[in-house]
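These are the structures, in structure tokens.
Heads up, the next two complexes both have chain A, just with different partners, chain B and then chain C.
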Partner chain A sequence: MTDVIAPPAVAHAHEEEHGPSGLMKWITTTDHKVIGLSYIITSVVLFYIAGLLAMGIRVQLITPSGTFISFQQFNELFSMHGSIMLYLFAGPFAFGGLANYIVPLQVGAPDMAFPRLNALSYWLYLGGSIMMLMGFAVAGGAANFGWVAYAPLSTSTYTPGAGQDLWVMALVLTGFSAIFTGVNLVGTIFYLRAPGMTMFRMPIFTWNMLVTAILILIAFPVLTAALVMLFADRHFGTKIYEVVGCHMASGAPDAHACGSSVLWQNLFWFFGHPEVYILALPYFGMVTTILPVFSRKPVFGYKTLVFATMAIAALSTGVWAHHMFTTGTVLLPFFSLMTLLIAVPTGIKFFNWIGTMWRGQIVYKTPFLFCFGFLLGFLMGGVTGVILAAPPLDFFVHTTYFVVAHFHQVLFGSAVFAGFGGFYFWFPKMFGRMLNDRLGKVHFWLLFVGFWLTFMPQYIVGLRGMPRRVASYPADLGWQSWNIASTIGAFLIAASFAVMLVNLWVSWRYPVSAGDNPWDAHTLEWFTTSPPPHHNYMHLPMIRSERPTWDYNHPTSPSIGVHGARYATATPGRDGPSGNGHPPGGNGSGVHAGEASASRAEGASGGSGGGDAGGQPGAAGEPGGSGEPGGPGGEGAP
Partner chain B sequence: MRTESRFLIGVGAFFGVIAISYWFTAYEDGGTMMLVGVTALGFLPGSYYYFWHRRFRGYKYFFWGRTERVVGTRPEDRSDATIEDGAGVVSSFPGSSVWPFILGSGAFALLLSFVFGLWLAMVGGSLILTSLVGVTAESRRGGHH
Partner chain C sequence: MEPSPPGPVATADGTPPPTGAAARRRPARLWTALALVAGGLLLAGCQVPTFGIHRAVTRQGSDSVKLWQGFFISGSIVFIVVLILIVWAAVRYRRRSNDIPRQTQYHLAWEIAYTVLPVIIVLILFGFIFVTENNVDATPKPKMSVTVTGFQWGWRFHYTTGPAKTVTVIGVELQSPELVLPEHEAVRVYLRSHDVIHGFYLPAIEFSRYAQPGITNEFNLNLTKTGTFRGQCTQFCGIYHSIMRFRLKVVTPAQFTSWASAKRAAGSGTSVSTGRKSGTTSTGGGPAGSSPYTGSTTP
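Showing the complex of A and B:
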């Protein structure tokens, strides 16, 4: 154990003490940054795998009776595509990866509250991921009952086989991983904030992660319990969801011996709908963090955003049965009303995001573009969500490609657009080097075009009646041309992520030093070095608003008017487009006196042109072409 | 502590209302039980944090038992706190530890045994027990720095 002591005015970072090296260092780490990066790399690898599975689905659907893969393989592909994307990528990438890395930095903590539990979370997640993928290697193939595993299809009668059991057990493991991470996040946020970092000065990303952690604690135990019961049904002869073999001798159904397959849907969606917001809220937080930085303004309506996040999370737990309208067993008005209500706080968020950009000096860097793509994609997904919330319309399009397009626009919009926007945004902090901005824009535009080309045709083909989860379809219904368009879009998406690999390779091979604060960003994580030292902070700035780093770098334009900002001797005024003559590289010079930070100041001056006249947040992508070989953090990109 | 407690008590209060309204509109057991569970999930830690909020304000219990000793709020709860106010031991953090990996491997093997046979449970169980002993001893001894 290391007692982390914070002497006056100096925080807790230090050189990493000597310990194991090499592979053992990774295996035995309890550092939230290493664990967070492990999460990010693992989940992005799984994202590529699941993306390849999706390509198999799209190739199969080019022709009405495709022969690219068998029907059995098709079932495996869409089941594993959905399972990996939802359970192993979108969630862990956000709350295991970026949140793990960023939240302790944003609140000024030396580490997560329970570092060893944090490490255990990662190993459980990795084990669960391997276990789920092992399904492809066993006889009978991987899980093929869809990512929702509806009973009675998921009972041993209809889907026997080890692949399904592996899927169930993998989700038990990753479920515990998520629960532990949720506890860890709550503990970190409640107990390890820096002095002056009151709850209502936390960055919105941290707020959203707190709300997400509560949602995890609400949702995941229900899933784990439901999965254990499903496994008992499959192997131990219980009849919780089972509806076969429970007849009396006369042949009449015996209600007391029978399970209820709708019970699975109730339990699953009590997890499943909060899960949708577990996947969305962290990405809302990323967007809310990125948009103000590139609009050169404080976020518009800080408290409103916090309460809108809470409202979304609260309502999302009361809407689970809107996935079950067509079962005829749920109370339609209750769930329809609750679902429609979610549009209100989400609309408030959109209002605030637009208000943040409004009259800002927008800098079109890659992270901003990704967030913009998120706004458009998520808006379309949200609007069609309102359509689906109305039971009469849902009866019509349920289980069609309309639903597929809807949730892909919601989840792709958040997890991919906002998620990789956050990846581009925080990559300099994690590796101390930039990602190429031009390649990032190529990535964005290919992805943007591909995204709309993939999913807009699916709305149309869904409205024309094409059901989801089919490997072939009638040739005479005019569905083929839409499917071909969708497949072309999918290939564009795949190409865009090939560009991202190129970008990572360029960053690894030709590093461009990032400095501490390449974007002239607002929140605390940009105050420390890139990558941050062990236990994160050599110094902490005074925290008087939700933008401590900005206040520190722009002493003549503190966050007046931002909630919580109280400057006894604040100088009124703001540095507008003309600038107030801060020395460039204000992040470093003079303030970090001491040998530990002298080199940092030099590193920062390349990238962070904080107060330069045009209000540009640094020459981030091309800082003078100085091309310093081997920026801080010599290890390569993933 | 006040915002933390309000946040969690708010969770409990909201789901209390939803649970009651759901029960009296849908008369459905499963959903009601889960909503009641969420209500408890909000109220239990929320009242704990409220208790500490009141303790910091000088009350021995929630509303009564006023003591002379007023602890005051934590520096992270005060909007005018300086970094110096947080001086001292932040917390005790473990150094590198192999036991989370062993424990995770044990859980992996244990759950795999449900699919591939109980012999794996012996592997998993022994790994889990070893790591539980190891992590406890490490906490007492101090572990690697």
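Showing the complex of A and C:
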């Protein structure tokens, strides 16, 4: 099967890039790959900075009356830790970095739909990030009202400093950056797909990025508007959130002169809850991309996954007030039920991930391990999320360390486990060289142990009543030992990321060539060279399923299987060619499902033989010709 | 309800505990009985461990504790089942050969099953939530009421009706002002804030509510146990948020009455303890021209 088409979009792809090189290339580029790398590098640097801030928090909490830093510094630390992690790392790393790099490749496009807008996104993001960090350099310090900036604490009466203003305007900039990236992703995915790539042949990662981009367009404008109003309250004397000086003599608020102290919360969480899924869905997409590759199967329940993603996105716009159960101003049953319902599509995803691994041939490479870590962490975070969805329970765990543990298990689980799983997975594509698998595993296990050791004690102290965002706590309540355990875990996490730096250095110093497709991966980006040429593709394979590269490399393996449909497995001599009535899947596949040979396609034109180069064996290795009977596929035939 | 030692006692719904002899003869009966006992324990709520939280000292909090126990058990079951599935899949199906496994992608029956089952589970959970929440948030007419005002960084407790009417207690930070309340009486709390948003949180009653400027929150407390309990602001409210603490002291009605009359006898009824440790400074001042120490508090 050597069908290769040259779609119009890539007919005039440049063999090499014309234009400036070196630093000027990075500054002037509109290439989605260079911009994507800029995003990845910037956001990972910010991740390390925010991680260091977290270490400061943990060191302070070793003793009940911590003297490592002052209250003021502590408040700045947790505010900036949260702000950087959520606004400047987790989102931009996913939709600015990996999606920017990968989505055009996955849909077979030469670039993003609006390359200059893409560049603008990055520069707004970089400017906003620097602006937020500049808070540490101004008098009064950085923002110190938490990453949620609850009004009226965030009004100028209570937090008058320049650091707070920088924080507000930084988020306006990065908010626009996110909106532009959202527009770009939607445009790219809707209009620049390669011939043959119908919506239901898009890789799940692309699907998730499409849904994420739409959520960005729903959520981020609300945040930006809310921030502009906050800025007006801070500087122009409006009273939108401000409640000072507007009480009547009786003490009751004067409705004509008063702002609302819950308005900010409503606006913020209307952004903030979709934002949680803006942060999570890309990482779900990464997991859904990685698990099938290392299980050597298609993703289980592709269409249910797509619909589950859409359901999560739709529900996520109707659950914002579950952050406000204790305000006494929201309709509890409605938001409780909506929140519980999100557990359903999330549960579907879990079962799809398990089904993907089921009866696979799972290869324990670093990216798979990170996805495994994600599954366990997100499971714990998901179950505790259901607990938080119950208002009577939320009443007593709200704003305690229980919530801290919950959302770190969810967001750390996705942004760090799945995110760095994706990083290990796509690194060979981006740089043409491998990351060391053994060091990757050391990174994973340190991170895995550190993760559980850090956050499980936080559930316990939270249930015992330790509030979040406190720089000191009573000494006589037995909280200290749990906090020490948590801090030890945090140091393990820090050590794991030191290992990652070593790994990057090893890869830089002693490069191991990756080849085009070291993992025997499924999606289109693995069809081109590593790193891809300037406009990505010289030619494209036929796209007959969501796994064009797999189809190309395994021409005799059935593209898609439906339980109950009879077809041969890759094991010769079990079912035999007679075992199939029709090629399953109905994608117009030209693949002969009955052919029992699993021999690999000859590596035409930048094919996939490079995985074995340089002693870094590819994940899948050579599937062909082993001829061993009794593989799991054979015994599973109905 | 008071916690009682766990054991094969008759449960709240009157189910007799299974006897060993009967269980041996009829295994099916045994399971039925076990299920009933487990269900009864769950409903009774007292014999079941609290899984890390406190046994609440209010009627409302006791309801929350029961809900928590149910959620903890059902959540643990879901967690363990899915955990086993994940680990089993990852370990059992590790690579053993170079064969390409069956490329199964769809299995409609399973997909329907794992869509419908969670829907049923969450609807059941929602039923329990709904009932408990109505109990916790119910505000029948109380015998006495107190207005609690949070401010940076302390609390003001002003008794508006009942024996202690007009008594006010104020304290900041580590002074931990004491909210004295009688047991076995419905107490209405009116909660508000003088400046920014604070969180009124008492682990011992398994309840918290925001104190917000411009908004008055109301809830009832029916205290069931005497003692002194720790409270703290939970919503981040500025630099001294960490030490914005208070105490709840629950006394018998008789003690409460004598405490109230003593307070009222001692001057205006307002006990103000001010002044924080020297050497600490406040960033961000309170609103000018008003003070949390005075101010009208009519609910």
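Everything that follows uses one rule, which is that the second predicted complex is superposed on the first by the 539 of 638 C-alpha atoms of A that agree within 3 Å, B and C clash if a C-alpha of one lies under 4 Å from a C-alpha of the other, contacts with A are read in each partner's own complex, and residues count from 1 in each chain.
One rule holds for everything that comes next: contacts are C-beta pairs under 8 Å (C-beta built on N, C-alpha and C of every residue); 3 or more make two chains touch, one makes a residue touch a chain.
Note that the structure is predicted; figures quoted are calculated from it, not measured.
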item	value
Which of chain B and chain C A:S129 touches, first, second, both or neither	neither
Touched partner set for A:G301, first chain B, second chain C, both or neither	second
Touched partner set for A:T309, first chain B, second chain C, both or neither	neither
Touching partner for A:S83 - first (chain B), second (chain C), both, neither	neither
Touching partner for A:L263 - first (chain B), second (chain C), both, neither	first
Partner chain(s) touched by A:L331 [first = chain B, second = chain C, both, neither]	first
Overlapping contact positions on chain A, where the chain C interface meets the chain B interface	333, 564
In the complex, chain A residues that touch chain C	71-72, 74-75, 140, 144-146, 150, 152-153, 157-160, 243-247, 249-251, 253, 258-262, 295-304, 326-329, 332-333, 336-337, 340-341, 343-344, 347-348, 350-351, 353-355, 357-364, 372, 375-376, 379-380, 383-384, 386-387, 389-393, 395-396, 398-400, 459-460, 463-465, 467-474, 477, 554, 557-564, 569-571, 585, 598, 621-624, 626, 628, 631-634, 636-637
Chain B contact footprint on chain A (complex, rising order)	1-9, 11-12, 17, 19-20, 24-25, 27-30, 109-111, 113, 115-117, 119-120, 122-124, 126-127, 130-131, 162, 165-166, 169, 172-173, 176, 190-201, 210, 214, 217-218, 222, 231, 235, 263, 266-267, 270, 310, 314, 317-318, 320-321, 330-331, 333-334, 535, 540-544, 564, 566
Sites on chain B touched by chain A in the complex	3-4, 7-8, 10-11, 14-15, 18, 21-22, 25-26, 28, 30-31, 34-35, 38, 41, 49, 75-101, 103-105, 107-108, 111-112, 114-116, 135, 139, 142-145
In the complex, chain C residues that touch chain A	51-54, 61, 63-64, 67-68, 71-72, 75, 78-79, 82-83, 85-86, 89-90, 93-108, 110-111, 114-115, 118-119, 122, 125-126, 129-130, 132-133, 136-137, 152, 191, 193, 195-197, 199, 201, 203, 206-210, 212-215, 217-219, 230, 232-243, 245, 283-285, 287-290, 295-298
